[in-house]
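Order of writing sets the labels: A, B, C and D. Residues in every chain begin at 1.
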Amino acid sequence: MQKNRLEAFSDGVLAIIITIMVLELKVPRGADWSALAALAPIFSGYVLSFLYIGIYWNNHHHLIQSTRQVSAAILWTNLHLLFWLSLLPFATAWVGQNYLAPVPLAIYGVVLLMAALAYFMLQQAIVIQQGPGSVLAAALGADWKGKLSPLAYVAAIPIGFVLPWLAAGLYFGVALLWVVPDRRIERTLRQVGE
Amino acid sequence: MQKNRLEAFSDGVLAIIITIMVLELKVPRGADWSALAALAPIFSGYVLSFLYIGIYWNNHHHLIQSTRQVSAAILWTNLHLLFWLSLLPFATAWVGQNYLAPVPLAIYGVVLLMAALAYFMLQQAIVIQQGPGSVLAAALGADWKGKLSPLAYVAAIPIGFVLPWLAAGLYFGVALLWVVPDRRIERTLRQVGE
Amino acid sequence: MQKNRLEAFSDGVLAIIITIMVLELKVPRGADWSALAALAPIFSGYVLSFLYIGIYWNNHHHLIQSTRQVSAAILWTNLHLLFWLSLLPFATAWVGQNYLAPVPLAIYGVVLLMAALAYFMLQQAIVIQQGPGSVLAAALGADWKGKLSPLAYVAAIPIGFVLPWLAAGLYFGVALLWVVPDRRIERTLRQVGE
Amino acid sequence: MQKNRLEAFSDGVLAIIITIMVLELKVPRGADWSALAALAPIFSGYVLSFLYIGIYWNNHHHLIQSTRQVSAAILWTNLHLLFWLSLLPFATAWVGQNYLAPVPLAIYGVVLLMAALAYFMLQQAIVIQQGPGSVLAAALGADWKGKLSPLAYVAAIPIGFVLPWLAAGLYFGVALLWVVPDRRIERTLRQVGE
C-alpha cells in the first residue's frame, strides 16, 4: 500500500519533469524553415533529456518492483533522486541555449552525476532494507552499467572544457547504453518466482 | 502490477500535455471583444490538439486494457509515443501564432504522423507479446482507421504548401473520424469474456 | 478497472489545472507591501478558481464513485468537462489582470456555465448507462443546486456589463453554495449499501 | 476506494508544486560561472521549498495511511492544505528574487504558518472521524514537532524585519527538524497491527 503511493508520486514528478522540458522549446518568431533549424540544438538537448528521464522511469519501475516495504531511508533517498532529476530541465535549457558552451555542459554532467549517485543510494537503501539474501542485490550482480555511468560523467565534465563535442557524445553514449533496458532485475525476479 | 504503473505514467504525461497547451492561450492585453477575437486561431488549434490528445488517451486506454504483461518493447514503444505527443503543444503553439503558415502546418502534420506511427509500433509490440491468437490482433481487424490516418497526414503535409485550408481541414477530419471511439477492441474483449 | 484510469486521468488534469493557475500569480518587481497589495485582485481570482476546481474534483469523485462501468459516452462527456475546466486558468488570469472589466468577467461566466453544462451531460451519461433504477438518479433527486448554478451564471453574464460587482458576487455565491459538499450521493449510496 | 483518490489527487498536486518551482530557476543569459553563481539565492530557496514539500508529502502519506474512511471534513481540510502549499512556489520565487528582503521573507513564513495550521486541521478532522480510541491521536502523542513548527514561524515573521538571516535560519531549522521522518505514526500502527 505504502509502495503504491511512492510509485504514484514518483510517476507524477517524472511525468511533469519529462513534459515541462518541452516548454523550453519556445515557439520561434518566424514561420519558415530557418526558424525551425535554429531550434536544432535545443531540440537535440530535449531528446537527450527525454531519453534520460525515460531511462530513469524505466529502471525506477524495476527497482521499486523488487521492493516489498518502504522504509524511511527509501522514501528520502527517492526524494533525493527526484530532486536531482528535477534540475535536468534547467540544465537542458541552459545547454540548449548555449550550444556546446563548456560551463552549461559541465553543469549538465554534474546533474547527471548527482542523479546517478542518488539512484545508487536508493538502490543501497532497498538492498539494506531487504537484508541478507536481497533479491535486488542478486539481480544487480556486478552492476557494471551503474558503475560505469558515473565514471563517464566524471570524465566528461573536465573533457567538456577542452573538447565539448566529446563530452556531449559521452552523455549521449551513456544514455544509449541504458536504452537497452535493465533486464537483470526482471530475469532474477522471474527466476525467484519460478 | 507492472501494467498499472505504465498506465499511471502515461496518464500523467498525457494529462500534463493536454493541460500545458492551454498556457499558450496567453492572456491578451486588452479587455474587450476584439482582444478575445484575436485569440481565435490559437483557440481553434487548442481545441484540435485537445481532441487529439483525448483520442490518444482513449485509444491508449483500450489498447493497454487488452494487455496482460508489459514487455521491454512495450515500455519503450510507449515512451516513444509519449515523446511525439509531447511535441504537440509546441506544434500547436507555432501553428496558432502563424495561422495557416505552411511550415508550422507541415510540422504539425509531421508530429501527428510520427505519433500515429509510434502508436502503430506500440500496437505491434503488444500483438507480438501476446503471440498467436492475440486478442488485440483480432480486435483490430483490418484497422482501416489506423491505416488511413497516417496516409491522410502524409497527404496533408505537401497539400498545406498549396492549400493550407485543406491541410487544416484534413487534420480536423481525421480527428473527427476518431472521436467515434474504438469500439472494436471493447467488442472483441466482451466476446472473449463471454 | 476501466474506471480507475478515468479517475487517474481526471485527477491528473484537475491537479494540473488547480496548480498552474498559481503561475499567473507573477512575482512582483518590488519587495514591499504595496507590491503585494497590487496582487490582491489576481489573488482573489485564484482563490475563487481554486475553490471551483476543488468543488468539481469533490463532486466528480462522488459521481464516479456511483459508477460501475465506463461507457464511451462517459469517457467523452468526461473529456468534454475537462476541456471547459482547462480554460478556467485562462479566464481567471484575464479577469485578474483586468479587475471587474465586463468582457473578461463575462468570459469567466461562460467558462463556468459551459463546465456546469458539461458536468450535467456527464451526469446524464452515467444515469443512462445505469438504466432504470439508477443509483445516481435517485441520489441526485431534484438536483436543485445543479439546476440553480447554470441559471446564476446565465444571469451573471449580462449583469456584469452593468454591475460587475454583482456578477463577481454571484460567482462567489455559487461557489459557496457548493462548498457544502454533495452529501446526497453519499447518503443514498449508504442507504443502498444497507 | 475513496481514500485512494484523495491520495492520487494530493500526490498529483504535490508532484506539480514540487516540480513547477524549478521553473523559477530561469536560464541565465550568460554561460559562465558568474551567471551560475547569480542563481545561488534562488537555488537555495528552491532547495528549502523542495524539502518542505517533500516533508509534507511524507507526513501526509503517513497521515492518510492511518485513515480508513474519508469524510467531507477530511476532503475539505485536505484541499485547504493543498491551497496553502500551492502558494509556496510564489513565495519561494519572491524570496529568491529579493534575497533576504523582509516582506517576501515574511510572506514565506505566513505561507508556511498557514500550511502548518491547515495540516493541523486535517489531522484533527481525521482524529474526529476516528472517534474515541483514535489510532492517529495515539500515534501523535504530544506532537511537539507539530506544535513547535508554527511557533517558530510566528517568531520568524517579525524577526525577519530585524535579522533576516535569523528568520531564514529558522525556516531551514524547522525543515531539518522534520527531515527526521515521522516515525511515531509508523510505530504505533505497527504496535496496533501486532
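Just so we're on the same page, a contact is a pair of C-beta atoms (placed from the backbone, for glycine too) under 8 Å apart; a residue touches a chain by one contact, two chains touch by 3 or more.
Remember, it's a predicted structure, so these values are computed and weren't measured experimentally.
Engineer: Quick check: superposing chain A onto chain D on C-alpha atoms, how many degrees is the rotation, to the nearest 5?
Structural biologist: The two chains, chain A and chain D, differ by a rotation of 90 degrees.
Engineer: Taking all residue numbers at the chain A/chain B interface, are over half used by both copies (same) or under half (different)?
Structural biologist: Interface between chain A and chain B is built from largely different residues.
Engineer: How many angstrom lie between the centres of chain A and chain B, each centre taken as the mean Cα position?
Structural biologist: Comparing mean C-alpha positions, chain B is 26 Å from chain A.
Engineer: Using the average of all C-alpha atoms in each chain as its centre, how far is it in Å between chain B and chain D?
Structural biologist: Their C-alpha centroids are separated by 37 Å.
Engineer: Listing for chain D: what residues touch at least two other chains?
Structural biologist: 8, 12, 15-16, 20, 23
Engineer: In their shared complex, at which residues does chain C touch chain D?
Structural biologist: It is residues 7-8, 11-12, 14-16, 18-20, 22-23, 25, 27-28, 31-33, 35-36, 47, 50, 54, 57-58, 61, 65, 179, 181, 183, 186 of chain C that touch chain D.
Engineer: Spell out the part of chain A that touches chain D in their complex, as residue ranges.
Structural biologist: Within the complex, chain A touches chain D at residues 1-2, 5, 8-9, 12-13, 15-17, 20, 23-24, 72, 75-76, 79, 82-83, 86-87, 89-90, 93-94, 97-98, 101, 103-104, 107.
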